[in-house]
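Encoded as structure tokens, here's the structure I'll be asking about.
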Amino acid sequence: MPKKIRLGILGGGGDSLIGILHRVASQINDNYEIVGAVFSPVYQESLDFAKEIDIPTNRIYKDFDALIEEELKLPEEERIQVCSVQTPNFLHYPMAKKLLDNGFHVICEKPMTMNYEEAKALEASHQKSGKVFALTHTYTGYPMVRQMREMIKNGELGKIHKVDARYYQGWINPIIHDKEKRSSVWRLDPTKAGISSCMGDIGVHAFNMVEFTTGLRVKSLLCDFNYLYEDNQMDVDGTVLIRMDDHVKGVIRSSQVATGEENGLAIAIYGEKGAFRWEQERPNFLYKMSDTQPTQIYKPGHAYNSELSLDGTKLPPGHPEGIFDSMANIYLGAARAIRGEHYNDGEFPTMQDGVRGMNFIESTVASHKQGNIWIDLD
Amino acid sequence: MPKKIRLGILGGGGDSLIGILHRVASQINDNYEIVGAVFSPVYQESLDFAKEIDIPTNRIYKDFDALIEEELKLPEEERIQVCSVQTPNFLHYPMAKKLLDNGFHVICEKPMTMNYEEAKALEASHQKSGKVFALTHTYTGYPMVRQMREMIKNGELGKIHKVDARYYQGWINPIIHDKEKRSSVWRLDPTKAGISSCMGDIGVHAFNMVEFTTGLRVKSLLCDFNYLYEDNQMDVDGTVLIRMDDHVKGVIRSSQVATGEENGLAIAIYGEKGAFRWEQERPNFLYKMSDTQPTQIYKPGHAYNSELSLDGTKLPPGHPEGIFDSMANIYLGAARAIRGEHYNDGEFPTMQDGVRGMNFIESTVASHKQGNIWIDLD
Amino acid sequence: MPKKIRLGILGGGGDSLIGILHRVASQINDNYEIVGAVFSPVYQESLDFAKEIDIPTNRIYKDFDALIEEELKLPEEERIQVCSVQTPNFLHYPMAKKLLDNGFHVICEKPMTMNYEEAKALEASHQKSGKVFALTHTYTGYPMVRQMREMIKNGELGKIHKVDARYYQGWINPIIHDKEKRSSVWRLDPTKAGISSCMGDIGVHAFNMVEFTTGLRVKSLLCDFNYLYEDNQMDVDGTVLIRMDDHVKGVIRSSQVATGEENGLAIAIYGEKGAFRWEQERPNFLYKMSDTQPTQIYKPGHAYNSELSLDGTKLPPGHPEGIFDSMANIYLGAARAIRGEHYNDGEFPTMQDGVRGMNFIESTVASHKQGNIWIDLD
Amino acid sequence: MPKKIRLGILGGGGDSLIGILHRVASQINDNYEIVGAVFSPVYQESLDFAKEIDIPTNRIYKDFDALIEEELKLPEEERIQVCSVQTPNFLHYPMAKKLLDNGFHVICEKPMTMNYEEAKALEASHQKSGKVFALTHTYTGYPMVRQMREMIKNGELGKIHKVDARYYQGWINPIIHDKEKRSSVWRLDPTKAGISSCMGDIGVHAFNMVEFTTGLRVKSLLCDFNYLYEDNQMDVDGTVLIRMDDHVKGVIRSSQVATGEENGLAIAIYGEKGAFRWEQERPNFLYKMSDTQPTQIYKPGHAYNSELSLDGTKLPPGHPEGIFDSMANIYLGAARAIRGEHYNDGEFPTMQDGVRGMNFIESTVASHKQGNIWIDLD
């Protein structure tokens, strides 16, 4: 009999976007219960946030070390089983390592560590621990990304010979073109953000997508970065030539100054027998191309999809997965009304909408039955 | 200080799609806690389902009447505040009415009732009750649908003069063309499904969308239904001419035999100064057209959006709202691993993915810094 | 051995758009030579226009009657074989009739006549004449429209059960909303434009598309027009319910006030086994849908296309047919330069572009061969 | 008074695609008359082809040298003014050079020459000649490509900082994967095709597009080619990193093994104030993006377009330029009928289509006027 998994949260308090994303995601399949947390380095903020989202405060801890120490005192069947690490990048490694070393499972935001050396050290801890470690390369969770992987594994593209992946954003433009801003923001300060801005933040997603979908490994690369001003030398743009084996090549393009692009992650994979194209901003549409047949559009939830893809689809074809959010918005409006809070007209459909609907349906039947005549609504 | 709202569920057990949708939606904004339910007419099934999704069974009731009776005995601060009605259509009216009459708020699936008469009776109960009643016309929750409504209200299209809405699906095709199936399925049996199949199930969504976005009311209509075989006269397709005032006309098209269509809800609204086009299957793209200017593509989460639209967006621009589901799929895979259950390769990114990522990022920096040379990955 | 067909032109002089369209189209497949014309009711304008487009003036006639009379005096092997009728609508019938009665083939713009009675009379003349009569329902010439027709004929959609066609434009908006303009423009004056504006001008194209592609005939219809102001009652918008047989229904939507729409002709055809969607503004993309298989995108010029479709494609896949125009624009720029006329920078690629191109190609080879190093261009 | 320009053709006979493209393009704006040609190295084939397309044979020459010699004997007002060079690549240089040296204007297919040295030599001849030389980089003729150039020139993107261009095709796949074919086809034989396959044939188009639209010049590049088999070392794929000045970088991607791609030329240009995206297969749609405003879709023929763009548009908005071809297909069908040749049903709309149309229009008016009742068609 399934029981909810006891989840601890590190970071992600207040308005943190990543906090919302993890919290929502952890609830969607009825699998997790948040039982403990350090939402913020400031204890009082952690407590306040726990109250705000209605989580019992007795296991909100002062800091990460206290969380480990106190949880280990609890009997195993009450103890946090897995921690979700949503703290700033430099804390990923020490927290994940200590969690694994103390027998906790870990769900960790990316980048996993600050550098490759830490990554290999964490890998060693992980292997010793025998615990689950999940890295939230979120995009691999899309049903159609999974579908690509499975179809390629089944040989439906034949031998792959070319890969082209891209992650283009434009959000850093207003910062980079402003001398004041570009010299003060932590993202562009190598002492705070690490060795790379663009490649470390988003290029690595494109890289992960290439290896995840093709099942091939990048053997070597040649890279050129761009920065737009001499006074700041963090990469805000870069192109990477990749070789997967002698005759399988590709390119990974990544930019934070691609004006007007939002989350422009996309991949094209070309093989002997076919090809795929997929874009993150229309995640339900997977294009399978061929030199001789009409292009096919695969969509989620169909019987023709792979088991891995279908496992990630909760609703029938044609519901963009975002429909959960649409419904959630209606629940949100209703919650405000129930609490007697202010809400705007239009936040949720009301009784009047229901009455109108029935009036409409009955009128259509009446019009049709009486020989297609005009019927007035009330 | 916000406290979670105590939610009761009626119906929606087992594999019910509508059950999943409501349950997920109720969790997304940290507002609701499920405290009681009648998931199924069979008591044992309700209990089993509660255990499966890890809800305490002490307030799982034998039936709807027991739920009302027992909850009313509880002190008000423990009692269910709002019930979500997800039962078959014919139960919507009696349940919603009794809930309102007994002081509960109601969130109700559509169609609200079996007919217009019931709808008006329910409206009367609602007015007496002073309680919140939210009807889940889900599509009005999309940020860009809300954006249309607000911009129209602000006069950005000028006077509206033409509306064209559509809801096309193809799922009933395999049933309607099979004599055996079309005479046995409850959907096409008027004694079970009510007076209309296509218009009652999906046409009414298009109707609601027309009134929600334009702020105009349909005054009269003329309708023609289609059924494909003499031996079954339920509408599986229909077209409705509408008049909103003497010179504002429109058309609502609805079909369950539109082969290959999935959830093809779409709307076009034409006004003196501009027009909108929107499609449910690409819900993040709203097209604003004009006779003299380039068409504009509005997307969620931007500063140019209305308050109502932004309120329904949880992440920055370019994240399809479906990204919650993508992240949730990763949490699901991790949950299986944590529980020691079987999971497929690819369900969540692992330690190895993190190690590869750091290897990649460091290699790009090295290649760039050393003058764009090839670097081998480990 | 093919010889060019001797073509006469009626109307289409000056800046007439329809004149350009016919003239270009007649040249594209090397089949026609313009030998005679009445380009304008004003003789001098006809002569001037002939000189402007470099056509011999000896067979430019004073009027239509003179053209008939004089051409009949010529030996048959010199005489105009076919006339293209591009005059205002009310002249289509008398001209086409006289042409057929005198043994000329006819290519005629639509609407063919001013009313149904004339149409039937013209049909009678045509049958007696034994001559070719081609009506320029231009859209049936698109390769993918032809492909729809052939695949439907071959049964690939199974029995058709629903058709939905649309022709939406917005160009009449600035006229209809201006009281002065709407009462003066000939298009909205029934005494000049005939019984219908919107349906006669564009709705009939959607109707033709329905019958052309499905091979079915509309048996009956129910129509509702819209006009936006009491002081002008010409239809600027209309919706037509159609019945093709008892259980095959459809809808034809047509509007000249669909703000921001340009030439929004589109069709969707739903059958037992599959469906098609096609839009005129992306004429190379034909979507074939199914309830169980991925949607397929058919494009012109592939071996999988029908003979009729391939016959209408002059270039390999992926060249939008508009590439002829792109090349023609370059020829136009070169013509201006050759004549020593003014031309803008950018009208055609020059020697310098060619030099740059060779510099580029050689540099790429050099960079690759020398181990992916940077090469400076001149 | 404009007079048609006397055009000579070199190559492009028989089924040559490039021949059709040039011939059609030369006719589209009423500017050129073909007066002489060497369509084929075989004299009889040249003569036969001239008859087939109905061109007088008296100036069809034995070979290129004869053409030059004989034309120079003619008085200047009869002599060929411009020659269109459509011969195999290695003939471009000697022919273009001799033409310029003898006082003819030249329209020349790309690649302009076999290498950069020839290109510079030809440039010298051109400068001496004072004649017009137009290179058919066809894609610069598209109205929306011209629109990009003009808007960038006007500063609407601000300073450009990133360019990304692509030309992906898949047609060489069936050849490259077949050992027999890849060792015999001239395209992949460096002794016949020159130093480059992919970059020389299509990469150079993407390069030209980058410089044409941005007005910037590529200063240096780094390139990596791919070939898929050791036994053939011609590039069938390549990626080029480009630098335009120290902080303006870009990438040009080019492939002939991008399975399922047709003519996938595309460009994205990112600047401080805005960005453009354009694709050749949907040439009428130009996307202008911004970090703060809705994306705009520019289309041809609007008053908001530049003079250069509008000059390349012959019809009002919403007509894909391919409509010329659609109309031409109807003229082609009619030509077959007029000649009494075989033609397929569906090649052109007939009298019956016209009669049906009038029946339709009158029926819509009748239905509307009589209160929206059903009207039977004949």
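Chains: A, B, C and D, in written order; residue numbering restarts at 1 for each.
Assume a contact is a pair of C-beta atoms (placed from the backbone, for glycine too) under 8 Å apart; a residue touches a chain by one contact, two chains touch by 3 or more.
Predicted model only: the values in this text are computed from it and were never measured.
Chemist: Which chain is most remote from chain C in terms of Cα centres?
Modeler: A
Chemist: Any idea whether A-B or A-D has more C-beta pairs in contact?
Modeler: Higher contact count goes to A-B.
Chemist: What whole-Å value do you get for the distance between chain A and chain D if each is reduced to the mean of its CA atoms?
Modeler: Taking the average C-alpha coordinate of chain A and of chain D, the gap between them is 43 Å.
Chemist: Which whole number of Å gives the spacing of the CA centres of chain B and chain D?
Modeler: For chain B versus chain D, the centre distance works out to 48 Å.
Chemist: Hey, how far is the Cα centre of chain A from the one of chain B, in Å?
Modeler: That pair's centroid distance is 22 Å.
Chemist: Give me the residues of chain B that touch two or more other chains.
Modeler: In chain B, residues 171, 222, 224, 241, 261, 295, 299, 372-374 touch at least two other chains, as defined above.
Chemist: Over in the complex, which chain B residues touch chain C? Could you list them?
Modeler: Residues 157, 161-162, 164, 168, 170-171, 173-174, 177, 222, 224, 226-229, 237, 239, 241, 247, 249, 251, 253, 255, 257-261, 268, 270-275, 289-291, 295, 372-374 of chain B touch chain C in their complex.
Chemist: Enumerate the contact residues on chain D facing chain B in the complex.
Modeler: 222, 241, 288, 292-299, 302-304, 372
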